[in-house]
């Protein structure tokens, strides 16, 4: 680490001996930038999918509906009993019987608003809000079966599973892309470092011939290439973040990918991209420089 | 300074030297001659450690060159100034900076050595070309710049491979005088050259000995010079 | 085009004059492979999202529900009227009243199975299946309002919009990634070509000095680099397709991203990747070679 | 063959030549001398079109060199064999292939020219090094290979820049004889050299004229040679 920062701080003397620029160095800069850009994208994808998967699986465990049937009296007694049980169940944040109006609203799509439901022995619905990590659905249902006849728990998993699943698939895809891009980035920066060193074989030879020590020669190249990778991927990262910000908004409705981006502290994550790139470049260039130097006596 | 003990060398296609024992004492002045392809450059490379002998051993300043670590080798290079036959430079630095390169890599204070650099540029006739880039030099100018680079650190040993191959007679004489002066200050000098008239001219100025490569041997040349 | 294939077919004579390999050439190969790999991934993402978005928006326009209220007699008359109207409406494939059992099943989550619904004047539900491109929802609702009181159309858009939206967002993301990766690929191949040419400046100089014509020199490099880009991105493409095939399957449930990949003829799409790369390399190298050659008299 | 009409040249730092008018007729044999840095290499580059004059014009085979298209230039290069001062090769090809390079790029049938190549390798003393790579050659061997490459297409004009700078006397004489033979077959020869003894030796064998660069002029040298 100290060596890393020591190197980056620079040494004007040995910096001058490396040619200032050239196509291969542009290549290093550009590849670092491109990879930084793509990495930010993959990161945004993975983090968004993560957020969405979390929210939907939260939603799933947080909100469930309990249906209590029976005639009016039974319903009242059972509701009280169920509310007691729910109160004792660990992992439940709150529970609340729905009012008649709320229940009617739920049924409206199927029955319309004008049906005289008041006469009907409609089941009582109870909204159950879970805590994190949530309660044991099966155990609760079991206890209800035992103690309160006619109480059925519906945790909406049937409805929401596909969406959670999709979000999880997306997250997996984002993570895989991120790994791929990081790997590509590392390999490309390594190769670019090697190409730069190969292109500068004559510089290295001349330096060795006039009595430069390995650390002087390697230092000059490692510093130059690390800075280049840092600057390149930093620029790519900034462009990537801008691009994520400028992504055309989704539709009118609030779909879960209309909000692609980083949430809150997540905005700090892209900062890791240039850091990782620089560290990779530092190590790769160091190894490549030592290998290249060994070719010259 | 430099001692060869039963040295043999072979690039892989047959021995160039069989069994060379030789000593270049401090303060001596040697020429090395031999036909093209006889191994002059190879011999010089052995002396400054760019090649290791395939047989025997070579001592530079008392230490076995083959046993030197890479950092030892860097130090050795600063004590031996070398003019290579194909003089290479850093193409992105002007001539003056290229000549000062040994100062740079050994961490000397460039400001202090400025006078030294200016004198040297004058000696090799490159004062006016100091700011040119290597690609803009003529063949002879390159050789002169290479010689200046070889001597700027004031090394104990100066080894030059055909330093006057591309240089006219007057300039050769002038460079020779520079080397003779350095030799009279106690430096050891070894020059490979096929230019007999230059060697004859030098013998009139300095106690120079001539080594000749023939029959896989490096021997002192006889009275024919 | 003929020039393209003519060049690829090769000329042993001019091929020999280009150095066989080197770090910069490995870089070209590798960068082409990496970009080919990533491009296949982005392509898979975009095409999967496309398929999903299509399917869900199809589902949306294809299946809608009509609710007809009123007492038993009114319902029967109105149902007949509605079915007539639906029969006349262009863009509707079929329509069918749901049976009482089907309606009960729909309500079960809210009401339980044991409620005596038979007594109740439940609205009649009609399933409407649209054709592609579908019918004009607003116009239909307007006509129903005018002609059949108590008939309400629910095209489920409220339910499905977020998912369609998500799939569309994903498709947009995939297309953007694809554009980015193609752009990166083009830029990197161009830079790699330039780096190769720069590294071979001496070769070019020697060839010009001994009287080689521009087309001989450029041909040697263009062919070499184009083949390299083709081989590299071809290998990357194959690896990418393998990786897509080997993607860990989603969950147990059938989420829409568990099926990432190419459908049917879609499997031919990745073949475009090396072709595009080779064409880009061909053009980029040609331009770079002409520029480089102009440096030598 | 090559005519210069009031040619001036300037790299940007002051004129190297002021106003040179000169003609190298077919079948002539010229030496070019002058101190290091006087512009010999520059003059040769003007002659074979690697540089364009900043003033006046140069005709090669009757055509203005400055007006040549790039393909014309390639054709011109095949009619003028050049030995450059820093002889460059394709490092990945063996010496024999490098010498045969002009045949390759001009589309000749290599099999037919095999005998020609073998003879030439023998002439320059590289028969045994034919399979070596350029990096494995000695300085003098490189120059000889460059000369062989320059003459393999049997060009009308042969231009050589210090072709004997790194070569011993015996070999220089031999190469000179090769050039004299080519000249007697009607080729035009122009050699830049600072080696007066070589020039003197040549004058005894061939009707050679000596051009000298001085005072921004290229003039026929007087009787001092």
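List of remarks:
The first chain written gets the first letter, and so on, giving A, B, C and D; residue counts start at 1 in each chain.
Convention: a contact is a pair of C-beta atoms (placed from the backbone, for glycine too) under 8 Å apart; a residue touches a chain by one contact, two chains touch by 3 or more.
Bear in mind the structure is a predicted one, so any value in this text is a computation, not a measurement.
The chains that touch both subunit C and subunit D are none; no such chain exists. Relative to the C-alpha centre of subunit A, the farthest chain centre belongs to D.
If you average the Cα atoms of subunit A and of subunit B, the two centres end up 63 Å apart. Centre to centre, using the average C-alpha position, subunit A and subunit C are separated by 23 Å. Subunit B and subunit D have Cα centroids separated by 29 Å.
Rounded to whole angstrom, the centroid-to-centroid distance between subunit B and subunit C, based on C-alpha atoms, equals 68 Å. Multi-chain contact residues of subunit D (touching two or more other chains) are absent.
Multi-chain contact residues of subunit A (touching two or more other chains): none found.
Because contacts link each chain to exactly two others and close back on themselves, their graph is best described as a ring. Every pair of chains meeting the contact definition is listed here: A-B, A-C, B-D, C-D.
Those residues of subunit C that touch subunit D in the shared complex are 13-14, 16-17, 19-20, 202-203, 205-214, 216, 293, 297.
Residues of subunit B touching subunit D in their complex: 11, 33-37, 39-41, 85-86, 125, 129, 136, 138-141, 144, 161-162, 165-171, 194, 196-197. The residues of subunit A lying in touch with subunit C in their complex are 22-24, 26-27, 30-31, 34, 37-38, 41, 45, 67, 69, 103, 106-107, 109-112, 114-115, 120-123, 125, 150, 152, 154, 161-166, 168-170, 172-173, 176-177, 180-181, 184, 187-188, 191-192, 194-195, 197-199, 243, 247-248, 250-251, 253-258, 260.
Looking at the complex, you find that subunit B touches subunit A at residues 49-51, 70-71, 73-78, 82, 84, 88-93, 97, 101-102, 104-107, 149, 153.
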